[in-house]
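What follows is chain A paired twice: with chain B in the first complex and chain C in the second.
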Partner chain A sequence: MGRIKVNGVEKEFGAGEFPFNLSELLEMLKVDSATVVAEIGGDIIERSKFSETVIEDGDSVELIRFVPGG
Partner chain B sequence: MNKVYEKLSKTVVGIAGTGGLGSNVAAALVRNGIGKLIIVDFDVVSEDNLNRQFYFFDQVGRVKVEALTENLERINVGVNIEAINIRLDRENIEGIFSEADIIAECFDDAEQKQILVETVLSRMGDKYVVSASGLAGYGRGNEIVTKRISERLIVVGDGYSGIDTEKVLTAGRVGIAACHQANAIVELIVDEM
Partner chain C sequence: MDRLVIAGREFDSRLMVGTGKFSSNKLMSEAIAASGSEIVTVALRRVDIENENDDMLAAIDRGKYLLLPNTSGARDAAEAVRLSRLARAATGINWVKLEVTPDPYYLLPDPVETLKAAEILIKDGFVVLPYINADPILAKKLEDVGTAVVMPLASPIGSNQGIKTRSAIEIIIEQASVPVVVDAGLGLPSHAAEAMEMGADAVLVNTAIATAENPCLMAKAFRLAVEAGRGGYEAGASGVSREANASSPLTGFLRD
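Coming up: the complex of A and B.
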């Protein structure tokens, strides 16, 4: 079992579900990776590194989502 | 000089996109005596921009950053504007806004918003970015809020009302968001710079 926080909300995952990367997390959350800025533990993760960034037990992920219009 | 105006007069703000958000953020900052604006867009004024953007009917067809410079100079003839007619991308954002203290993200397209905010936060260490997300539609004015996401990122909007779902952009709601952005920028300048 492991827990991560996404935008302050705790999410539980079974022991066998780790590890997964940031791209996979966004897929699970049905978030379009082209329109999100991601921070893990306060560090910005560039979109080109989403699929190589491993999410670990205890990570705190912030996802800032953008919708069109201006 | 009043300390607020003194600080504003020494600050450089970049405006990424001069549509409904950017043209109105620029006007508010010029009215407040901002030191310099770097305004960037690649578009021309079209008739359907006039429902919310700070342009006039006789400017339809003109390059936006040139038309906006003229309009801003009609507010303050001595204003310092650098107008750049180019499409911003991951490669040119850093260079174009190198002189800016704060960058206002004023794009329409969600992917463009992502590119600008990510680039400022990951590669432009000392700069603030004031972005907007969720301002399409009409009404629900009080749902548009200013949120400090992190040290260098502020996002205004309701977070969910996109043009894809709401279908319309209105002068009132876009204007509320633009004024939230301008207000947040003034607060950053006065209180944190």
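Coming up: the complex of A and C.
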């Protein structure tokens, strides 16, 4: 069992599910990676590095996107 | 008419538009086109991981418009810097509309945190467009640390009250050596024309266009008002006098 936080929400994963990378996490969450920017533990992850960025138990992931605004 | 120059980049349009509050992305992109604007603002928020997320950027032609991410929602300098860096990572754009608004009721900008964030962002290579209260001293301080423009508010964001800060904006315009963009509170095309006649270099409009009954027509009306106001300013207005000054000759009347 392991836990990560995505946008402040705790997500549980079975022991066998780790490790996975950021691209795989986005697929699991059904989020289009082309439209998001990500932070892990406060560090910005460039989109080109999504598939090589491994998510570990206890990580805090922020997924951010553009929305309309003034 | 003169072109607008910000951080060495030239623009034909002096109207910037926000993308918030439109009833659909289609209407938003049609209204942006009708506005003739070349700079459009967007915001950053968390992805909703429980629901499908709409990709609003798909509705904006990035070849045609400069995307200007804002730091709305930031309550202090640290949050604004974080949002700016995320925006740059997402788009490669180093321009940012700096907004630090800790007060949720009037959304008035925090001058201390805005100046602090501007200094950090400029050192980090950003082109900073700060949203500020109409404070001439703050405008000068921001200019001194290297902001590309200053963006004094006309009245609170989204209030449509028009220019309530006129005399302070006049001082900012008089003293600024960077472009002055009047932002927030412009509710009618005549408000935008007034700002331009005062000598503002540009205006930013969102709510008045997005929430009009016909946003495309309102976008066009703002475009025309900005052009008219700028023309009036560049033409050099004649003075005001208390007495009448006859326009027709005061000689050759049909009387003895």
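Heads up, the rule we're going with is that the second predicted complex is superposed on the first by the 66 of 70 C-alpha atoms of A that agree within 3 Å, B and C clash if a C-alpha of one lies under 4 Å from a C-alpha of the other, contacts with A are read in each partner's own complex, and residues count from 1 in each chain.
Just so it is clear, contacts are C-beta pairs under 8 Å (C-beta built on N, C-alpha and C of every residue); 3 or more make two chains touch, one makes a residue touch a chain.
Not measured: the values here are computed from a predicted model.
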First, second, both or neither for A:62, with chain B first and chain C second:
both
Chain B versus chain C as contact partner of A:39, first or second or both or neither:
both
In the overlaid three-chain picture, which partner chain does A:31 touch, first (chain B) or second (chain C), both, or neither?
second
Between chain B and chain C, whom does A:15 touch in the aligned arrangement: first, second, both, or neither?
neither
Is A:6 in contact with chain B, with chain C, with both, or with neither (first, second, both, neither)?
second
Partner, of chain C and chain B, that touches more residues belonging to chain A:
C
Does chain B (first) or chain C (second) touch A:70, or do both, or does neither?
both
Shared contact residues on chain A, chain B side and chain C side combined as an intersection?
35-37, 39, 44, 46-47, 62, 64-70
Which residues, counting only chain C, touch chain A once they are in their complex?
18-22, 28, 41-47, 49, 52-53, 55-57, 69-70, 72, 85-87, 89-90, 157-158, 204, 206-207
Write out the stretch or stretches of chain A touching chain C in their complex.
6-9, 29-32, 35-37, 39, 44, 46-47, 62-70
Contacts from chain A onto chain B in the complex sit at residues 34-37, 39, 42, 44, 46-47, 62, 64-70
Mind pulling up the chain B residues that touch chain A in the complex?
17, 19-22, 106-111, 113-114, 117-118, 121-122, 131-136, 149-150, 153, 155, 157, 159-166, 169, 174
